Every structure is written in structure tokens, then in C-alpha cells.
Amino acid sequence: MAETSRLQAFSDGIFTIAITLLILDIRLPQNVPGGGLAGALLNLWPSYLAFVTSFWTIGVMWINHHRLFRLIKRADEGLVAINLFLLLLVSWISFPTALLAQHLRGPDERIAAIVYSGTFVAIALVFNVLWWYARRGGHTDEPEHPITRQYKYGPVFYLILLAVGVFNATACLALSTLLAVYFALPPRKAAA
Amino acid sequence: MAETSRLQAFSDGIFTIAITLLILDIRLPQNVPGGGLAGALLNLWPSYLAFVTSFWTIGVMWINHHRLFRLIKRADEGLVAINLFLLLLVSWISFPTALLAQHLRGPDERIAAIVYSGTFVAIALVFNVLWWYARRGGHTDEPEHPITRQYKYGPVFYLILLAVGVFNATACLALSTLLAVYFALPPRKAAA
Amino acid sequence: MAETSRLQAFSDGIFTIAITLLILDIRLPQNVPGGGLAGALLNLWPSYLAFVTSFWTIGVMWINHHRLFRLIKRADEGLVAINLFLLLLVSWISFPTALLAQHLRGPDERIAAIVYSGTFVAIALVFNVLWWYARRGGHTDEPEHPITRQYKYGPVFYLILLAVGVFNATACLALSTLLAVYFALPPRKAAA
Amino acid sequence: MAETSRLQAFSDGIFTIAITLLILDIRLPQNVPGGGLAGALLNLWPSYLAFVTSFWTIGVMWINHHRLFRLIKRADEGLVAINLFLLLLVSWISFPTALLAQHLRGPDERIAAIVYSGTFVAIALVFNVLWWYARRGGHTDEPEHPITRQYKYGPVFYLILLAVGVFNATACLALSTLLAVYFALPPRKAAA
């Protein structure tokens, strides 16, 4: 697999499906008494918040994946394997999203927040491994691209997110939206 | 992200999956007594109607997205973000569709109709924001394309739809099919 | 929308998702007593049969759609609309498939078989309308292609299937597999 | 269908959707008493293990499908049909995966393991049939490619896996991950 176009198409497909499946985790309120639908819908706010946060986060991951694969020109088995593991984690996001939505404001919300932010720590690490592997193995012609610097902060930021989740699940969810905005921005060149 | 082809492919993917997932919201009738299946299937008519309306509407949104991105030649982070928010709303449609199907002819049908048509108001607004952003930022070579005029009416029409929904949910569903037909038509040039 | 490549990609996407979602209709047997799993799995045979038949049928429809769109060179709004209606019916197949699987060998199996085969009658008709529209409107350069003749038989064959379903649901399911084989074959030229 | 690019795109689509739908089989723990979420999540380990194994296995199948279709240059109806049957089995994987996850460590785990590994035996056989058909019918310009040798071992290896499953379901799951690693490796040339 010398060229990366079909690998990109496969990855794009998984990002696209994973992001669209998120809506399946918002369940219709059941057995609502007549006149109670508006209230029942408002009570679902943790589901809406988790949906928007995860949708946005996967979208930003897709943008970053796109950026990486404009730099990565050559694939080999190792790169395919790391990328497959990254995609596994991306499609996994649906599970902690639904978990957090179900438990936010409940007694176990911090467990749910840890699983949720822990997933993002893992993904930030694998993005770094992927880029490190590509730079080291000569898969890119721009090993010193400023993306290196931006990515280095990823696992650190998401570990902070996880630490926040240990204390407050709602703050964790809000902060993860901010992080997604940060990674949506294009990497800046180091001041030189 | 200077060229828009991968952005289009990603958007197409989400439109395609969102439209195909709609069928999952039609649930098989359960615990039907022997001989009662025909009646149980007929009783599902709100689900069929909501399915057809939303399928058609998403299809027309896809056509319009297609039209827009034939005019938009250059993307930047802002355009990607607005487009991502548009796609979030498109994949969200499945939820109010199922909601309306479940509550049509029930005591809370107007709440459901408001959520349903409110979604379309939001989408019509975001389509306008996307096109406004593209015209203003020089992302298109045809800022005076007649699509501008057709789109301007979108939020107005859908606000009328929402107002109808406050009074009658079935009329709201019927009217939203008509609106989808209107937006399926190609934009006409202003008489000049 | 002068060229058909993006229309084809959209259609392919819906065929692909609709065919893959079929597996979601096979539900795991629940509350199986220890030692009873093998029997419970065997009892699901109507689900397997319906899954295989519908998977094969959608696959063959995809092949036929592919054949048609090698002949159709130019699209317009009417063609897009007919095609969208065809795709609506394709994504709908999942519902009668699950219905037939649930009711095969039950008291309402013939109702389920009628809905199942009725869906295929409708699809065969819309395939004919699509091709008739393309021929009539100059969307194809080969209006006399032998596919015309093969398609003409489609609605007739599927009406026979429906008639069989009125009497025997299992025979209807078996026969629809045979029909899918017939339409998998390339159209033969009329003896000339 | 003389060229294989659209056939590949269709196949890629089904692989991509089938792999992403796997996450839907991991169900949130329900009715968890306050403070019990961590334990309930840990108890789901068979679901996580089955998810990772099947995700990885489908990913490797996709890589192999990709390799095959770089060798296969020409399609005909037979090849399309065999490929469709292969895709049917790929989308089927979701069912035995959920089955094994549900029954691992239960009284019927070996039945579930046999269905799971039996699916892989069938897929390994169909990969061989596909490649045999392509070599025999002149669909490839490299009939003596070393992939022939690697594939020949597939059904044998998976039959061993099935035999292991008859005795121990967990070992069967672990071994199937090892097999996926083996088939991820590129085929080696015979020593010559």
C-alpha cells in the first residue's frame, strides 16, 4: 500500500459514519404523560450537550486527520495498523458519549466523565504516535511541520481534562468543547 | 484546506448516512395478536409520513448543498466550522422525525411539530450563514448568483411552517413536504 | 446538475448503507436458558433467510443502478427526483425484511409477504420510470439498449411474486431470491 | 462491469460501515445502582474484547480485499456475485460478535465461539474462491502472486480456531486476534 488515497477514503468513511451514528444515542423519552413532552425533552439536555460536544470533537479530529494525511505521502503496514487503531478509538467515542449523557447529574457522573475524557487522552496519544511514526519512517516530506508542536500539547491538555472530570463532569464536558476549538485552529508556526 | 473536494465528500457522506438511518426510526409493531398485523401496520402511518417527509427534505438539502459547493471554490477554517454545524443539524433531523412520528395525533403533537419545524428553521438559517460567509470572504466567484434570493426566503418560509405547527401538527408535516419541493427547484434568475 | 458522477456517488452511498444496516434487524435471542443457545439460534432461521434474500436483492439493485447510470449521461431535476424516490424505497427495504422475518411461520405471515413483495413491485416500477424518463428526455445516448426489454418484465415478475405471497410467504421469499438472480444477469440482446 | 473501481468503492463502503456499526453492539449497562457504574463497566469486558477483535479482523480483511483488488483488473458477473457474498459475510460479523460478547463466560460460550469462528472459516473460504476465480478466468495479470500461498492457509488456520472454540471460547477469541495479525502482514514470496 504505497499510496495513501484509499487509506484516506477508508478513514474518512469511518469518521463520517461514527459522527453520524452519534444521534442514535439520543433516545426518545418514553411513556410521557399527556402534556409532559416539553418537560421530558428539556430533561434530555445532557444528551444534547454530549451529542454536540462529541460531534464537534469528531469533526475536528477529522480535520486533523485530513491535515496529517496531506503531510503523509507514503504508507506501510505499521502506519496502516496505527491508523486502524486510531479509527477504532474514533468509532468507540459513541459509547462514552452515551454513557456520559446517561449519568450526567447522577451519582456516577465522574466515572462517566473519566471514561469520556480518557478516550480523548488515548486518541491524542495515538495521533502523536501516528505522526511520530510518519516522521521517523520517512513517510512525510515535512517532518518539521508546526503540527508537531501543536500535537505535543494534545495528551497534556486531555490529561488536564481527565483531571477535571475526576472532580466535575459538567466542567469536563464544557472544557472538551474548548479543546476541540483549539485543535480546529490551524497549527501556528513557532516564532522564528 | 484550500480546495473543497474532500469537504464535499465528507458532507456527502453525512447526508447519505443521515438519510439512510431514518428507516431505523420506524419500529416494528410488537405483540400483535394473530390477525391484527394489517391494522397494526396501518396504525404506523405517522411514522411512514414522517419518514417520507424527512427523507425527501434531507435529499433536497443535499441537492442544495451540492449547488452551493459548485459555487464555493475555496474553504477556510470558518467555512469548515459553519459547514460542520450544518451537518450536525442534518444528522439531528432523525430525532425530531421520530419524535413527531411518535406523537402525531397524540396530546403533545404540537410540541413535536415545533421541534420538527424549528430544526428546519435552524438549518435554513445556517444555509444562509454559510452562503453569506462564502460571498463575503471571497470563497465564491459568483456572489450575485440567484441562489441568494431563493435562500433569503428559506428562514421566513420555515418560520411560517413553525407557526403552523403551533396550531396543527399534521398540516405542518404536509407543508414541509411542499417546501421541500420548492427548494428542489433550481433558483430562478430575478426578472431583469 | 449536468453530470451524474456525484449523483451516482450519493446513490451508491445509500445502497451501501441500506445493505449493511440489514444486519441490525437480526436481534440476538434474549433470556436463553443455559444450554438452549443452539436451539434459539436455529429458531432464528427466518431472520437469516430474510437477511440473505434482501442483501442479495439490494446488491442486484445496485448492479442494475450501476448499469443504468452507465447509460444515463445527463441529469436534470426530474431525474434527480425519481432517483431520490428510488433510493427512498431501497432504504425502506429494511422494514419489510424485519417484518417478514418476525412473522414468517406465524398467523400473519402472508400480510408480511405482501408488504415485502409489494416493496419490490414498487421498486421495479420506479426503475422503469427512471429509465423511461431518461430515454424520453434525451438523457441517454442508447435509448434502444436491451435493458429496456429486461426491465419491462420486472413489475410483471414482482406482481407474480406478490400473488404468490398472498398464498405462501416462504415460497414468496424463495422466489424473490430467484428473481434477484435473473436481474443479476446482464440484459440479453433481442434476437435480431 | 469491465473495470473494478466502482466495485471496489462499493466494497470499501460495506467494509467501512460494517466495522463502524460494531460499536452499536456494546450496550450501556442499565439500572446500575448509584456507585456501581465502575463495576458495571468492568463487567462488560467481553464486549470490549469482542469489539476490538472484530474491528481489527474486519480492518485486516479490508487490507486483504484491497490487496486482491490491486491484482484483479477485470470483473464479470461471477466475480461480482462472489464478492457480494463475501460482503454479506463481512456485514454478518456484527451478529456473532454480539453473540460471543453476550455469552462469553456463560454456559453457552462455546456455541457462540463456534458461530464466531465458523464465520471466519466461511470468509477465508470465500476469499480463496474469489482469488481462484480471478486467476482461473484471467481477471488478473499476476496469477502466481505469493498471496495464493498465504490465502491457502486461511481456511486451515480458521478451522483450527473453530476447533479451539469447541473447547474454550476465550482462547478462541485471543487466537483470532493473532490470526488477524498474521493476515495483516504482506504475503511473503516463496523461497526460490
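Lettered A, B, C and D in written order, each chain numbered from 1.
What we mean here is this: a contact is a pair of C-beta atoms (placed from the backbone, for glycine too) under 8 Å apart; a residue touches a chain by one contact, two chains touch by 3 or more.
A quick note: this is a predicted structure, and the numbers were derived from the prediction, not measured.
**Q** Quick check on chain C against chain D: do more than half of the interface residue numbers occur in both copies, making it same, or fewer, making it different?
**A** Different: fewer than half of the residue numbers at the chain C-chain D interface appear in both copies.
**Q** Measuring between mean CA coordinates, which chain is farthest from chain B?
**A** So the chain farthest away from chain B turns out to be D.
**Q** Please report how many Å separate the Cα centroid of chain B from that of chain C, as a whole number.
**A** Distance between chain centres, rounded to whole Å: 26 Å.
**Q** Approximately how many whole Å separate the CA-defined centres of chain B and chain D?
**A** So the centre of chain B lies 37 Å away from the centre of chain D.
**Q** Of all residues in chain D, which are in touch with two or more distinct other chains?
**A** 13, 17, 21, 24
**Q** Could you classify the connectivity of these chains, where an edge means two chains touch, as line, ring, star, complete or other?
**A** Chain contacts: single closed ring, each chain with exactly two partners.
**Q** Could you please specify the touching residues of chain C with respect to chain D in the complex?
**A** 12-13, 15-17, 19-24, 26, 28, 32, 34-38, 41, 51-52, 55-56, 59, 62-63, 66-67, 184-186
**Q** For the complex, which residues does chain C have touching chain B?
**A** 1, 6, 9-10, 13-14, 17-18, 21, 24, 77, 80-81, 84, 87-88, 91-92, 94-95, 98-99, 102-103, 106-108, 111-112, 115
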